[in-house]
Amino acid sequence: MSENIVELSNLEVNFKIRQGFVNEYIKRDKKTVRAVDKINLNIGRGEIVSLVGESGSGKTTTGRAILQLTPTTCGDILFDGQEIKTKDKQYMKKFRERAQMIFQDPYQSLNPRFTVFEIVTEPLILTNKKASIAEKEMLAIEALEFAGLKPAIEYLYRYPHELSGGQRQRVSIATCFIMAPEFIVADEPVSMLDASVRADILKLFVNMKEQKGTSFLFITHDLALAWLISNRIAIMYLGKIMECGPADIIAGGCMHPYSQALTSVLAMVGEKRKTERIVLKDETPSPLFIPSGCRFHPRCPVARPECKEKEPEYREISPGHFIHCHYPQKII
Amino acid sequence: MEMTDNLKKLKDREKELKRQKLKNNLKLFFSNKRAVFGVVILAFFIFMAVIGPLLYDYDHFLYFLGPRVGFPTEEYKLGFDELGRDVLGAVIYGTRASLAIGIFVTLIIVFVGATFGIAAGYFGGLFDIVIMRITEAFSIIPTIPLILTLSAIIGQNFSNIILILGLTGWPSTARLVRSQTLSIKQRNYVERAKAIGAGDIYIMMKHILPNVFPLIFSNIILLVQNAIITESTLAFLGVGDPTIPTWGQLLRSAREQGAISTGSWWLFIPAGICLVLLASSFVFIGYGFDEINNPKLRRR
Amino acid sequence: MSDKLLEVQDLKTYFTITKGVVKAVDGVSFYVNKGESIGLVGESGCGKTTTALSVTKLLPNEGYIDSGKIIFDGKDITNLGDKELSNFRWKEVSMIFQGAMNALNPVKRVCDQIVEAILLHEDVTKKEAMERVKELFELVELDTNLMFSFPHEFSGGMRQRAIIAMALACNPKLIIGDEPTTALDVMVQAQILDLINDLRKKLHMSMIMITHDLSIITETCDRIAVMYAGKIVEMGNTQEVVENCFHPYTEKLINAFPNIYQERKMVDSIPGDPPDLYNPPKGCRFAPRCHKKIGDICDSVEPTLIDYSGKEHFVACHLRRNS
């Protein structure tokens, strides 16, 4: 039993771009998208780590790579201290029981032709857990009740189109819960739900963490939500982790210019801003054309000449607080 | 146990709801007058195919029952063809050929087309490339000449015709199914199944196939109709099993005997009307299914 | 001369479905002054988009205005005919739709699409329209050299700016934005909101901002109207409503947004689901989920929007009536 459930070292995930026949075979001009560009991250047992970033940052790809839904190009992923043996069928079967995923779109993540019962008990069928229908029903009811669908019996034989978005997400969570996994990747699980239902879903994650010791990789673009439930937050930009540390420090005392920009534009409802907003110019560049040196330098408000030449190292500036920057400083 | 009682009640309730839904769909279907018309006509032809031979005797090899291309008489209401055979009998028994072609050819097309389509869409890679090239080849080559060639090679008996029509018909269905598979493959619930550890066969059978099925189903109507008409076309062109009476054969006789100019209406009018009616009945039935599937068409 | 640019009086917009009528908007009244912005906030199904579509007369076939009045710049536009409508749309009122980034035709150049919008409403030559497009691009801070690009060459934020440029093409007096920043990155959202604020000041435009995200409204709107189940439950000056909210739903909604300057505790959620608008409940529509329900009166009598404090802060709640 290792201390960390997931360890990523120098993880790289590249995608090849399909180009025309001439370019690809004759000119040999292979363009690759470096979606995840050498990141290091540890997720401890019973810990919720958030991966925060905008589109193109590589956060979703990271989550999917850990679960082997996307092939990795380079680097190591250790699960429970062991390398993930993708070729070993027995190992993979076990792995799939222990590590699962919750998707963003509640409307697409449930098969419209399955009843809730069939959806929730599908993992049981796939792992060949010999159980009678009655036993399966009991387990399904337990899972649905945990996910907050009460009385569970009412929902067991309904179809997804009869449920609201929030209820569908709960069904997804129940499907995870029934296997009691040790690690869950939650990819923007509440961004398509109304604000008033989000808290309930997030509470379920915290409950799972506390009751079952499940670890989470919570992927989101909403820094404020990440701060609410995480132990640690990692902020990604264009495939690299810019800053990673305890949630309170990232929210209140982050040192990377990008993190500070993100926290400064968080809109507060009913609260006067405590700081000026740093609204960065332009948009995140395409991952096909990653800037030289520190990839953030074109938009960085305090960039120096060195930032264009040399890529910074990912170093620890205080216990548990890592940063990818030449000159971390408080801008505001 | 109280809980299992409750569960039983719920399961029953869900079954009841399903029954209700079926009843509703039937109501919708029959609310469309065209669909009712189609069903009535199809039922009539099925009756003719099944019960007809029991009520009316016909021997395809009984030549010279009457004069060549003879006028209709009291006993033989639709006259005689160029070999003196009873035309009414041929029309009744010909229904069986058309319906059989419709059913079996469609079965082949759907089975082969769906399997290859799902496999091509799901696995991609070399398999997909090969299947796609095959479908493209079939769509470029004109169908009728191809079928004529194949039948010259393999032989023209009835089962061979069915086989040929089936084997030349599956590519377009495969294409359709493949594109639908490609879109379903992206859906999150397929990914989730993979993340839980489902194998490829499981995913294809339990997740992709049920969601592709509605598309296949609405395509079936067209396939049946197409098969029937194609068979008649072939018979008209002289290709087909001479030992089995079909409407196409009658139409061919009509052309060879110059029936229009000589006014021998019994050779082409009954067979022609049957053909048109049977083919149209499927189109009308399709309207009925449209009512069910397309709620936006429903009148307010 | 009234200051009010748009006045909606007791608007009722219904939709016909096979089993009956859905009362999507059931008695909504509000106004927008000249040069002012109001935010319509509420969750999915509350009727905010339908209200906007009713004002611009872009309701789908099943929708119709059952009763109520819409008065724009002194003129009653509730029952305008098609010909007058084409003068009204885009010239007086224009709209930025949800998912606007996908509203651009992928096979036409961006400038051509904006020119098309201009030529449909103004009597100018194509050359003059192109000049106008150049002006608009500068207004929305887009590089004018990119005028002749296709939409897929633009990023998400740039497409949104192009859509805003299109909406401004005919200098409308009122612009309605239906979730204009929902699908954008946080940083781009901040940029777009800044842009909208600047434009409003420069062009003296009124604006209706429709969103489910309260934080956007506090950044851009002078006034706010909170909608629930087809009705407005609270309305007033944004600062005033947010600091001194009356209605229990508003209170819960505000508390559903995390605040990183405060202590870290879980945000609020509201149990249950919004009511079915095909068969809305009698009495207050929020009563089944309300944590401050006072009794039977909430279930039986519908509260009306009343200004209790005299500061133009309207609330529809029985609770306030008693205090």
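Read from first to last, the chains carry the letters A, B and C; within each, the first residue is number 1.
We adopt the following convention: a contact is a pair of C-beta atoms (placed from the backbone, for glycine too) under 8 Å apart; a residue touches a chain by one contact, two chains touch by 3 or more.
Everything numeric in this text was worked out from a predicted model, so none of it was measured.
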item: Most distant chain from chain A by Cα centroid; value: B
item: Two chains sharing the most contacts, counting C-beta pairs only; value: A-C
item: Rounded Å distance, chain A centre to chain C centre (Cα mean); value: 32
item: For chain B paired with chain C, centre-to-centre distance based on mean C-alpha positions, whole Å; value: 52
item: Centre-of-Cα separation between chain B and chain A, whole angstrom; value: 49
item: In the complex, chain A residues that touch chain C; value: 54-55, 164-165, 194-200, 202-203, 206, 221-225, 227-229, 247-248, 251-252, 261-263, 265-271, 274, 277, 279-280, 283-284
item: Of chain B, residues touching chain A in the complex; value: 3-4, 6-7, 10-11, 13-14, 187-189, 191-198, 202, 207, 210-211
item: Contact footprint of chain B on chain A as seen in their complex; value: 67, 69, 92-93, 96-97, 100-101, 103-105, 108-113, 115, 119, 122-123, 126-127, 134, 137, 153-154, 156-158, 172, 175, 179
item: Touch list for chain C against partner chain A, complex; value: 43-44, 155-158, 185-191, 194, 212-216, 218-219, 242-243, 252-254, 256-262, 264, 266-271, 273
